[in-house]
Amino acid sequence: MEREHNFLPERTKWKRQLFRIIFKSDTKMGRLFDLLLLVLILVSTFIVMMESVQIFDAKFHNAFVILEIIITAFFTIEYALRILTIKNKKAYIFSFFGIIDFLAILPFYLSLFFPITKYFLILRMLRMLRIFRILNLMDFMNDGYFIVRAMKNSSRKIYIFLLFLIIFSVIIGSMMFMVEGHREGFESIPQSVYWAVVTVTTVGYGDVSPGTPLGKFLSVLLMLAGYSIIAVPTGIVTAEMRNKRQEIGKVCNRCGNNDVDDDARFCKICGEKVI
Amino acid sequence: MEREHNFLPERTKWKRQLFRIIFKSDTKMGRLFDLLLLVLILVSTFIVMMESVQIFDAKFHNAFVILEIIITAFFTIEYALRILTIKNKKAYIFSFFGIIDFLAILPFYLSLFFPITKYFLILRMLRMLRIFRILNLMDFMNDGYFIVRAMKNSSRKIYIFLLFLIIFSVIIGSMMFMVEGHREGFESIPQSVYWAVVTVTTVGYGDVSPGTPLGKFLSVLLMLAGYSIIAVPTGIVTAEMRNKRQEIGKVCNRCGNNDVDDDARFCKICGEKVI
Amino acid sequence: MEREHNFLPERTKWKRQLFRIIFKSDTKMGRLFDLLLLVLILVSTFIVMMESVQIFDAKFHNAFVILEIIITAFFTIEYALRILTIKNKKAYIFSFFGIIDFLAILPFYLSLFFPITKYFLILRMLRMLRIFRILNLMDFMNDGYFIVRAMKNSSRKIYIFLLFLIIFSVIIGSMMFMVEGHREGFESIPQSVYWAVVTVTTVGYGDVSPGTPLGKFLSVLLMLAGYSIIAVPTGIVTAEMRNKRQEIGKVCNRCGNNDVDDDARFCKICGEKVI
Amino acid sequence: MEREHNFLPERTKWKRQLFRIIFKSDTKMGRLFDLLLLVLILVSTFIVMMESVQIFDAKFHNAFVILEIIITAFFTIEYALRILTIKNKKAYIFSFFGIIDFLAILPFYLSLFFPITKYFLILRMLRMLRIFRILNLMDFMNDGYFIVRAMKNSSRKIYIFLLFLIIFSVIIGSMMFMVEGHREGFESIPQSVYWAVVTVTTVGYGDVSPGTPLGKFLSVLLMLAGYSIIAVPTGIVTAEMRNKRQEIGKVCNRCGNNDVDDDARFCKICGEKVI
């Protein structure tokens, strides 16, 4: 989800103008184009979803196919124009959104040569990711970057936590296999581990649940553990977000206080003017 | 839920007095009126709930209807008096609570002209929102405003987070549709997305649950994801509340800056010593 | 759960000594007495639990009754000695633990006059609360007070939050009653509200779950709401705990910095010695 | 999970070199050895899991047995070499990882003398814990220590919280036993307590759920309680992590105090200026 700020248009005037409409949203036409794109992405996603529902597919199959052709045609033209109007073509094509743009039209052309299977659906669903490009342009993504950055910075700790959790689940799952092995849903260790994860994450489908007193006792321990340790990822991310907030603070030149608030005019430690 | 502080009474003396009873709670009569209102709202909500239970409705239908008429009569008179005693009538009628007050009596009068359906019930339930007016008067809502403000300030980030979550759920749901499509509850993408949301939010009804090993493996990933990323909204709101809290911090005597940090020795706005 | 520090013993020497054993834990005998009490409470609780299991009750009914008599006898003597050895008898009898001590022996004597029903069980279970007295003596409760105080300070906000949540659940429940009213588990508004609370708190039993597409869509919204707003109580309590932590900090005499850490020897703001 | 930094090799040159390969990961061979170990642990765990699945065990039983022998042989040689090349042999054997290393090979040799039962599986699963040794070497465990330390420091509070939670669950469970005792899943207090824990931790299997209106009402209270008090462990751990984080803050040049707060201008231990 890199920012596309460093993309430059081709020299020709009409290409430059088109570039501005397609890649930017600082003109009225540019914003209209974004809106159209957003609508088409949502319609396209909606069609794929409806297509998967048999009663709708039975009734409206042709309508779905025609709409799909129209949208794909639009996306294809758009993709071509993007390549045409941009200067650093290679960089665009292999950028995150360049690949997404290509994947958005690929399934249709593939389906001309290969029999259509439901495996195409997932490819077509990836179009949804194009929503982020529009949000990106609409300057809505600063908050998104905030979240992504906080998650990225705490990811190492989260991974370690997940590793703890998985190993814990595997061991408890193995114990449950010994205790409840006769019972449906605990027939093997992988099955019991599935149950352990369902329990420790507090999801609790109930498709599998313990039957013996000992099994129930172990479950209770697992639930209490899961209920308590949810505090860990929360603590990690909260601490990270708090930090992010502070890092952006200004620094006082006199005393070096690096916790100067954005709206401060004097350092709160030494009284020095900071603006 | 705006404060009604700027509402003014009509000039006539009895209207002024009545206004004070109805709109304020700084007199004994005013507090009694609030209490009566609170009781009536709770009784009214209770009646609607009981009416929806067939065995109670069969037995006490007439009692319910009579009570409803009495309460609506009271609410109608109250609504009329509110309009009568207030100076800026238009502002009141179209204020949040003005509309709620009107909606509280509307269903009854509608039911005189239209056949009663259960769709009236939801309208009658909206009366419950009037509770907030009373809490408002009872100065109980400062904490409410605290919560609402913290949520409002973090709402952009929460929306982005929810968008991530929804797109993630849709993509995982689509994958599960391919993997478990033959199984009840995964027959279409919308159904599978429903399952994905049930899982990622750790609700886990169990009305739909995966059957194949691959499906269970995907579920486990989804659960671990849901268990970890619940940290994100929590982190956002916690950071926001911490910020809100500071705003109520110390106040600078010279410039009135009310955002003096706990560890500040100089006002960050005017440089005045604050300890 | 008030501290019993201000309780004083009677004058007589043996009463003073007994008082120290029973009420304090600063002697070897006192600690032994506490341990005995802890064991008896746990045994007593365990017996009540086992008694409720039919197969155990059938086999060991007499043993349970005899043990119960012995334990009650001990608790009765203990209660009598507590009253005997304490100076401010009235204050003790009506203190929190005084009432709990009385309730701990009441069910047995009641059962002599009234037929034993399972409603006695809950009274007998209240004995468990006596555990807190022992933890109290064992100086284990500082952390408990920390938690209780943080919860008490944030309780107003939590109540308001719960009120929001309940009103929200009632309204969504009413809507589900209209949408899914034909379906088992949504036959009335109270039933639907039960489902709404099960969903919004992410418990998700699955004894009731939506059937129609619209109902599922509403559920998804409710789940996402519940998943996001769990951040609110968490944020409130976290902010409160952070505050508690700071309040206990020492204050610098020179600059008034009230965030002096426990292990600090110099003020971190002005360099003044703080010990 | 203590660090093994203070382990020293034997004097002989080849032992010293071997020690470096086995115990350290600062040479190419050492890293290769770690990688091999990691793969073998994962393969071994995978085999145990697959062995527990009947259809796989039926097909590949012999392959599993042979692989198990090979891996155990490798682990045995490794264990022997560890003892051979290390100087402080006793310290190693009784260290955390020393015991784990021994347990990793024990089940196989036990199975030569005793009939193989599924109770061996759990012992074999403990091999997984050896993953932490490798992460340890790979310097990945700093984040792990961060988590473990934060949990350890807040453990007293978490225990008290869990005690509250358990006593609360037992009392609510007893009440539900009285209310819903006739219903399957609430036949005894232990059963009802199991349900109460399933509910309060928001797991909600749904294998047991309330049937009467009063029971549902109590459940709703329990769910709301569980939904709110999850804030408590989260608050505790978050506050703790925030504290931990600061410890890594600035260091005083004069006295080496490594707990200098971000906003400190003087070392709180020796009074030295730190900026």
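Chains here go by letter, A, B, C and D, matching the order in which they are written, and residues are numbered from 1 within each.
Keep in mind that, in the parts below, a contact is a pair of C-beta atoms (placed from the backbone, for glycine too) under 8 Å apart; a residue touches a chain by one contact, two chains touch by 3 or more.
Heads up on the chains, UniProt names are A, B, C, D = Ion transporter.
Computed from a predicted structure; not experimentally measured.
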Exercise for the section: Any chance you could name the chains that touch chain B (Ion transporter) and chain C (Ion transporter) both? Expected result: A, D
Practice task
Quote the value, from 0 to 180 degrees and to the nearest 5, of the angle by which the CA atoms of chain A (Ion transporter) must be rotated to coincide with those of chain B (Ion transporter).
Solution key: 90
Problem - Centre-to-centre distance between chain D (Ion transporter) and chain A (Ion transporter) (centres being mean Cα positions), rounded to whole Å - result: 29
Handout entry: Centroid spacing, where centroids are CA-atom means, of chain B (Ion transporter) and chain D (Ion transporter) in whole angstrom
Key = 41
Problem - Contacts with two or more other chains, residues of chain D (Ion transporter) listed in rising order - result: 161, 190, 193, 202-206, 226, 230, 234-236, 238, 242, 263, 265
Practice task
Would you pull the chain A (Ion transporter) residues touching chain D (Ion transporter) in the complex into a rising list?
Solution key: 156-157, 160-161, 163-164, 167, 170-171, 174-175, 177-178, 181, 187-190, 193, 199, 202-206, 209, 213, 216, 219-220, 223-224, 226-232, 234-236, 238-239, 242-243, 246, 255-259, 269-270
Handout entry: Complex contact set, residues of chain A (Ion transporter) against chain B (Ion transporter)
Key = 45, 48-49, 52-54, 118-119, 121-122, 125-126, 128-129, 131, 135, 140-141, 143-144, 146-147, 150-151, 158, 161-162, 165-166, 190-191, 193-194, 197-198, 200-207, 226, 230, 233-238, 240-242, 245, 259-261, 263-271, 273-274
Practice task
Enumerate the contact residues on chain B (Ion transporter) facing chain D (Ion transporter) in the complex.
Solution key: 202-206, 234, 238, 263
